[in-house]
Amino acid sequence: MTITDVLFALFATTAVVSAWRVFRADSMVRAAYWLMASFIAVAFILVLLGSEFLGIVLVLMMAGEMTIMAVFMIMFMMNPAGLNPMMMVHQHRTAILAGTMTFLGLGSVALFGVFPSAVAPLEHAPSLRTAQLGTELLGDSMLVFETAGVALLATMIGAIAIASNRGRYGEGDEGSVEPDIDSSSKHQ
Amino acid sequence: MSIQLVLLLAAALFGIGVYGALSQQSFVMIMMGLELMLNGAILAAVVFWSLAAGGSPKGQLLAVVVMTVMAVEAAVGFALVIGIYRIKKADITEKLKALRG
Amino acid sequence: MLSLWLLPSLPILGAVVMFLPTKFAPLSSARFLRIFSSAVLTATLALAVTALVVSLHPTTLSWGPTLQLALELSPISGIMIVLVPTIAIPVLLYATSSMSEDVGLPRLIALLVGFCGAMELLVLASDFLTLLLAWELVGAASWALIGFDWRDNGTSRSALQAFITTRVGDLGLYLAAAALFAGTSTFSFSAVGQLSGTALSVVVGGVMFAAAAKSAQLPFSPWLFSAMAGPTAASALLHSATMVAAGAYLIARLAPVLSLASWFAPAVIALGLSTAIAGGLVALIQSDLKRALAASTSAQYGLMLVAVGAGVPAAAALHLIAHAAFKALLFLGAGIVLHSAGTLDMSKLRLGAALPRVARLFGIGTLALAAVPPLGGAFSKEQILAAAETGPRGGGWIVAGVLVAGFLSALYAGRLYLLAFGKSEPTARSVAPSRIEYASIGALALVSVALGLLWMPGADGIFERVSGSALADGNSGLLLASLATIVFAAFIDWRLWRTDNLFELAVPDLIRRGVEDWLGLPALAQRFIVQPVYWFSTELARFDQRWIDAGISAVASFTSSVSRVFAWWGENGMDGVVSATAAATGGIATASRTFDDSAIDRFIEGLARGVGVVGSKSRRLQTGLSHDYYTIVAIGAAVILAVAGIARYVAVS
Amino acid sequence: MNSGMGSMPVGDVIPEIVLLVGTVVVLLFALSAPRRVQWWSSVIAIVTIGATSAVTVKLMSAGSIPQRLTFFDTYAIDGAALWAKQIILAASAIVVVLSVDWFRSDQRHGEYYAIVLMSALGAIMMAGAADLMELTLAVLLSSATSSVLIAYHRQSRRAGEAAIKYYLLGALSNGLMVYGIVLLFGLAATTTYAGLATALRTAHSLPLIAGVALTIVGLAFKIGAVPVHAWMPDVSEGAPAPVSAFVTTLPKIGALIALARLMAIMPEATSGWRPVVALLAALTMTIGNVAALWQENIRRLLGWSAVSQTGYGMMAVVALNRSDLAAPSLLYFLVAYTLGNLAAFGVVIQLRGEARITHYHGLAQKHPVLAGAVVVSFLSFVGIPPLAGFAAKVALFGASIDAGYAWLAILAIVNTVISLAYYARIIGHMYFSDPSGEDSSGSLAIMGWAPNACVLICSLAIVAVGIAAEPLFASFRAALLLP
Amino acid sequence: MLTAAIFVPLAGAIVMLMLPASRERMLRAIAAAFASVPLVISAIAWQRFQGGAPGTSGFEQIESAGWIPTLGANYLVGIDGISLPLVVLTALLFLASIIYPVDYRGRIKSYFALFLFLESVSLGVFLALDLLLFYVFWDLSLVGMYFLIGAWGHGEEARRAALKFFLYTLAGSLAMLLAILVLYLHSGPSTGQRTFDMIQLIATRPLDGPGLSATLAFVGFGVAFAIKTPLVPFHTWLPPAHVDAPAPVSTILAGVLLKMGTYGFVRIMLSMMPLTFQRFAFPLAVLAVVSIVYGALVALAQDNLKRRIAYTSVNHMGYVVLGVAAAGALSAGNEQARVLALTGATVEMVAHGLITGALFLITGSIWRRAATYELAEFGGLASKTPALTLLATVAAFASLGLPGLAGFVAEFQIFVGAFAVYPWLAAIGLIGIIVTAALFLKLLQRVFLGDLPARWSAWTELGRVELVSLTVLIVLVIFVGVAPATLLAVIEAGVRPLLGVR
């Protein structure tokens, strides 16, 4: 039992427990932070696995996102559930069954599946592995990178287009409905 | 820290995510479940990169791609939830059932 | 070159000519029709004689390589082709006169002439195809004739009954033709000889069946009563030289080949004899003049069959001729009776004083029917008796049977005459027949009398030469016995007449009614054939609509029960399914109790109805709730995994 | 095949680049142009599509149709991809034209076209993806933009609801697919199809099955197949009608090609994909048809009919590698389906979104062209000759039987009969009912000339493509699926 | 030239749509002109018909063009001794029914257009020598019929009947499509070499004998044709379709569309898979006999004039199938009988087309004057309309198989031919002859004979158009019945090579 194993056990437990707490938290903000905890634990495991870069990216991304999520709940929706205790579930047993089945299924894949066992050469400096990623991004997987860029661009445009309610000519949502079936009151 | 154990952890996270997605009423909570699923996927991608694929750079990239998916989905999800909340004051799935049959 | 085909086609074309231009008045006058139809039939008669003398060309009408319609002049058909127009001319004359006021006269005359044409075709046919063709045409013509007075529903019903009965018989010919073709690849009469075993039996049985139906033998006899619904002229022709004669003709014509089947002779004798005796009884007890004559027709044709069965077709042919003459005469006489007395009920006639001349002519016919020498009818009957005794397949019991039948015919002939024309006070309302009517029955009486020439020594030899087959040797003892029966019958008639019991015959009413209507045969047929068929067809139609049309209803109900599961799911959600798998069966039961048929809508029936229910119910799966969609995805993914696993397992093992 | 490291084969993705540049131009125009001329964006979009199509044609006619992988085996330039590109572009052009009148009142009219173009790009990328990551991102691009398009009527509750449902289902299935893809990567240590094809041959079955199954679920969302079909009718009813036409058509084109491309490299025995896809095809067509039977809303009916059509299309995937009819039948089916769907939705758009069945009574007398178009597209869906759908079905059934899946063909036939019931029901309302009633076509208003023209073009194309099927079939036969 | 027979009516359909709707007589005349073109063409084709010299495929006057060569499907039309009479029949019946007056419901243009369209595709079915082309025309005939029944049928029920017809027969035709595909897939190893060419498929018989594929294909075809023919128990679409369709449409349905089913039995099942056919000949014959008896009995129980006639179609088409089954029951032996059976079956198709066509037109004339089909409401019409009575009587007698009329020529041959192969079945089938006789005579009796109900006292005699249409059909019925030699010669020229009999 190496130190890595101990750390892994620690982070793994943290990840699972906090993931579980997400749906047991009594308010949405708490849930968001439990989720972040889970992500951070996973990020540490990524580091343990040798991908420091990805670990850091994950933490940064999730920190931002979770903050937005929590803030959004309170600021925008003015949802009492955002902070107030809540337990809003439906078809609970089905969900538990589905979750358990998923875990059992994928767990058996994990335990009984045979994967190749080529271990990454981790003796190089972490920066080299990060550089490798960069080379891949701008080399062999150039197109993947570009596509990801386009996807993010499209998301930005789209999200703004539907979420922003301020337009250059007044209300941004104005006229954004189906045309009238009766043409007599047709929009100009 | 074997590949099996890490994958088991990934499966657990994924399973909890599935549970969350299915059990939660609130859109935001459902999205958290979905994020957890992707969390498991990231973990699996990295462990494969590290312990199965011999450090092929595509493994790390795959994790990045999953993160992109996560980000995009979160952004689109928030935008939609804002939209529907604005016009319908709906924040849970039960409030949206005009389209059926 | 004159073809044999002219013989049938001439009357048929004549019929068409008379039938079509009904709008042009002069062409539908009785006078024109009388002249034209007589001309056509006379020409036919002339042709027939020519055919006998100079032998017309036996051409074949070809439909295809295997379908050849051949005509041939066999000796017995030679007799028939002359006989048909000979009898038909007086009958037609009578018709043009007696029904000259009827608007349907052109139709009647055309049908009668066409009828003769079809009969000519029938007797000339030398293969089963042609025969069947003519055979059914005769039947159809008889339908039109019997149903002549179409405004009367009863008449058309009678026509229908007659047609259907004879058509049942036609099936025999279909079978015979088919069996012959299956065995020999041809339809020719002459090929029957090549058959043996079952095929031969089918042919013989089919022919006998068809002949029995046409000739009104048992059990088909009752159709002749329905045939009475037609005009008198039609009955006269139908009973004498056409239609009914066809059966006996066919049996006689084919006797040589038919006898190849060993059972043919006994069967046909049994058939003929039973009909002769039964018909005699029916005729005897009858209260209606025409019906009595009809029953006697069956009986007389029965006798002819006996002659054929005994191995002497020539005797049958002879009797056919004689019978044709006197039966046409009797029917026309009955027609006059009906016309003048307005009824055929023999308890109300006694027209001897009112119609003395008719009575005399009718008397000739009656004597011939009773086989009183020296009339032709007597000679032919004696020949049948002789055939029964000395024919190749004759025998003692056959003689006895024929004697009984002869006794019966004498008995009812006497009764008929006495009841119809017995002397009584002249009644005022009798209408005298026209000259033409007199002429026509006179002509027929003349023929009957003339046939008495057969008694001349040597006449039988001439006939044997014409008919191409031998008569049986007579026996004077037999002749005496026969005469004795006739005298005895006459005595009985006289006694009953004197005691005024001739009409009732001292028979209880119940039995009378039973026997009168052919021993209850029609009722039996109605009860056991017609009604069941109608019942069956109605039930079948109901079955058709209710079951077959409703589609595969088992599948439908299956699908609808599947849909109940869907419905339940839709109402209770996926959670319910998981929480209460055990209760599910109960839930289905509940759902099925509350299942509402009104959901089943308009227009997709049967199977589609089931699918439709599934459709409407399965829409409830689409609850519109996202988390239910999620559940479906989860289940779907699980199913996919399972299927992939199974497929993998199957692929490996 | 590949050019070496460093030199990017940019020429291979010129269509995509042109489309992207056009998108940016549309976007810039929309952001700067005054409201009155916002609709010019559509013109720019059309021009962009035309240009893209032109360069694609150029790519196709450079010698024979190219058959190669590019960008280090991550992207396919082959017949299937190029033809899919053309179909997608043509369909986008029609949708753009259909949208102009519909969105005229919308303030953000211009941006809409930019998103349409990007969504089309996503579909195109799906069709060409030869790499799992590329596929993931293409699906993502398509899904994200589609959600936005569906929600574009920002004041419409129905549109919002449809978008949320679409998004939620998409996110879940994407999550599942991503995990499946990760598993496949774990087995093969690569994500390119070329690499997967060799590496997976010896892969362990258990993870392989899990990976393939999860990936199939992800793609099932895009094509609207069971079990992720539920969004189809909801979106079809709730989204802006041109978007309904778009979303039920275009992603399906790309995703079906993607599914075929991916399944073609999977080891059949150890992954068990063929029976799985067959089962999904069977369920999809059956559920779609059965659910469509009693729809009183034409748009929902079209949504369900789109589900069932997906099932037919999947028959081609089932026959992959077993029948030489599989790929041609898939492409031909896509052409037929696209035309039929656009024609039918075009009619709805022309009738200003009127979808209640009673309002179609006697349409044939009031608007014979529209009624005729509905008849043509519906009968094409049924597979009545000589319409396009007929040749598609012949090829699909043929491929299916050829592949040893006669039961699937028989089931498809049963389904076709069921489908006729609801199609003919609508036709009956249009042709045999009296138009003079209260709620009948007599009171219908129409949109304008543009949708009418689209409808006419599509229905004529259905007939033309059906009768003159040879050129397409000949081309499609040469269109192989790489790798 | 044969191509023109298909496409001239189609062009006519398009022309009809462009004409002004106001002038009914002119429209009818134009439609008739278009409809008469195929009749002229088919007459010329008959004139030119060679009769299949020995060693040839039996097909002639072939015209072809590329269609989807990639799939081995081509535009290929031609005739042989079996299709030629059907083509003539089709052209004739269409002309007779297109001019027959009917209530156009204010949509006269589309009525004629659809009628011409239907004519075009119906001719296509009989002329096509490519399976895919055959299927195309086959399916289109359903579409045309669907609209004709739905739009011009009697009352609300018509829509339902039309849908039922469409659904039911489409199910059949799709089964046929599957079978066609199985056959196609067996015709070659890969798409380039596979073919839908019927001549080639008949010559090479790629899928014949036992084996699962052959059985499946055979069953597919069998179901399709059994529905179309229709055989019991696949017949229930027929009565409602007939009752609710306008009379000329019924005429086409009975006279032309039903023939497609039996034509398929001969052209596809018997010609392309004779060995498989042999294995199924007996069950098929049993089905046919059941249809004969069942159709007749159920018809007897009908109180609706048109329904009764409709069910007799089931009966008559049963005869056809019995003939075909008998012809295909053996590969050698009983040649004469089998030729007779198949010839008879083909003649029955023609005869039934003429006779039942005429009968349905007659019901149309009755409907126009009475707007009812209930037998109980009629009686004594003979006094008001002697011409109609005469025509109906001849038609009825022809239908019940009276010699001297067309039906007999057919039924006799079928019966004799079938008897040689299946004596018992043929004998049972004879029951049908009796029952049809009863039902038709009762029909005549109820409608035309007896007392005239007062409500029909204003009954009008047939118009000129009606009279001409009907007379032509009836004259042909008589002609075929009296002198079928020419017809039989043509048919045998097709039958003999098909059965391999010289």
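Just so it is clear, A, B, C, D and E label the chains in written order, and each chain counts residues from 1 on its own.
To be clear about the criterion, a residue touches a chain if its C-beta (ideal position, glycine included) is under 8 Å from a C-beta of that chain, and two chains touch if they have at least 3 such contacts.
These numbers come from a predicted model, not from an experiment.
Both chain B and chain D are touched by A, C. The set of chains in contact with chain C as well as chain E comprises D. Comparing chain pairs A-D and C-D by the number of C-beta pairs in contact, the larger count belongs to A-D. Using mean Cα coordinates as chain centres, the one most removed from chain B is C.
Chain centroids computed from C-alpha atoms place E closest to the centre of all protein C-alpha atoms shown. Ranking all chains by how far their C-alpha centres lie from the centre of chain A, first place goes to C. Centre-to-centre spacing of chain B and chain E amounts to 64 Å, using the average Cα coordinate of each chain. Centroids built from CA atoms put chain E at 68 Å from chain A. Inter-chain centre distance (chain B to chain C, centres taken as mean C-alpha positions): 90 Å. As a whole-number value, the distance joining the C-alpha centres of chain A and chain C reads 94 Å.
In chain A, the residues touching two or more other chains are 90-92, 94, 98, 102, 105-106, 109, 113, 115-116, 118, 140-141, 144, 148, 151, 155, 158-159, 162, 165. Counting partner chains per residue, chain E shows two or more touched chains at residues 159, 163, 167.
Within chain C, the positions touching two or more other chains are listed as 603-604, 608, 619, 622, 624, 626-628, 630-631, 634, 641. Contact annotation for chain pairs lists A-B, A-C, A-D, B-C, B-D, C-D, C-E, D-E, with touch applied as defined.
If you check the complex, the residues on chain D that touch chain C are 164-165, 168-169, 172-173, 176, 205, 209-210, 212-214, 216-217, 220, 226-228, 230-231, 233-234, 268-276, 279-280, 287, 289-295, 418, 421, 425.
Of all residues in chain D, only 5, 8, 13, 20, 27, 35, 71-72, 74-75, 101-102, 104-108, 111-112, 114-115, 118-119, 121-122, 125, 131, 133-134, 137-138, 140-141, 144-145, 147-149, 151-156, 159, 163, 179, 183, 186-187, 189, 204, 206-207, 210, 240-241, 351-354, 443, 445-447 touch chain A in the complex they form. Only residues 324-325, 328, 379, 382-386, 390-391, 393-395, 397-398, 401-402, 406, 409-410, 413-414, 416-417, 420-421, 424-425, 428, 431-432, 469-470, 473-474, 477 of chain D touch chain E when the two sit together in their complex.
Looking at the complex, you find that chain E touches chain C at residues 159-160, 163-164, 167, 232-233, 235-236, 294, 297-298, 300-302, 334, 336-337, 339-340, 343, 380, 382-383, 386, 397, 402-404, 408-409, 412-413, 415-416, 419-420, 423, 426-427, 430, 433-435, 437-438, 441-442, 445, 448-451, 483-485, 488-489, 492. Against chain D, in their complex, chain E makes its touches with residues 66-71, 132, 135-137, 139-140, 142-143, 146-147, 150-151, 158-159, 162-163, 166-167, 170-171, 174-175, 177-178, 181-182, 184-185, 190-191, 216.
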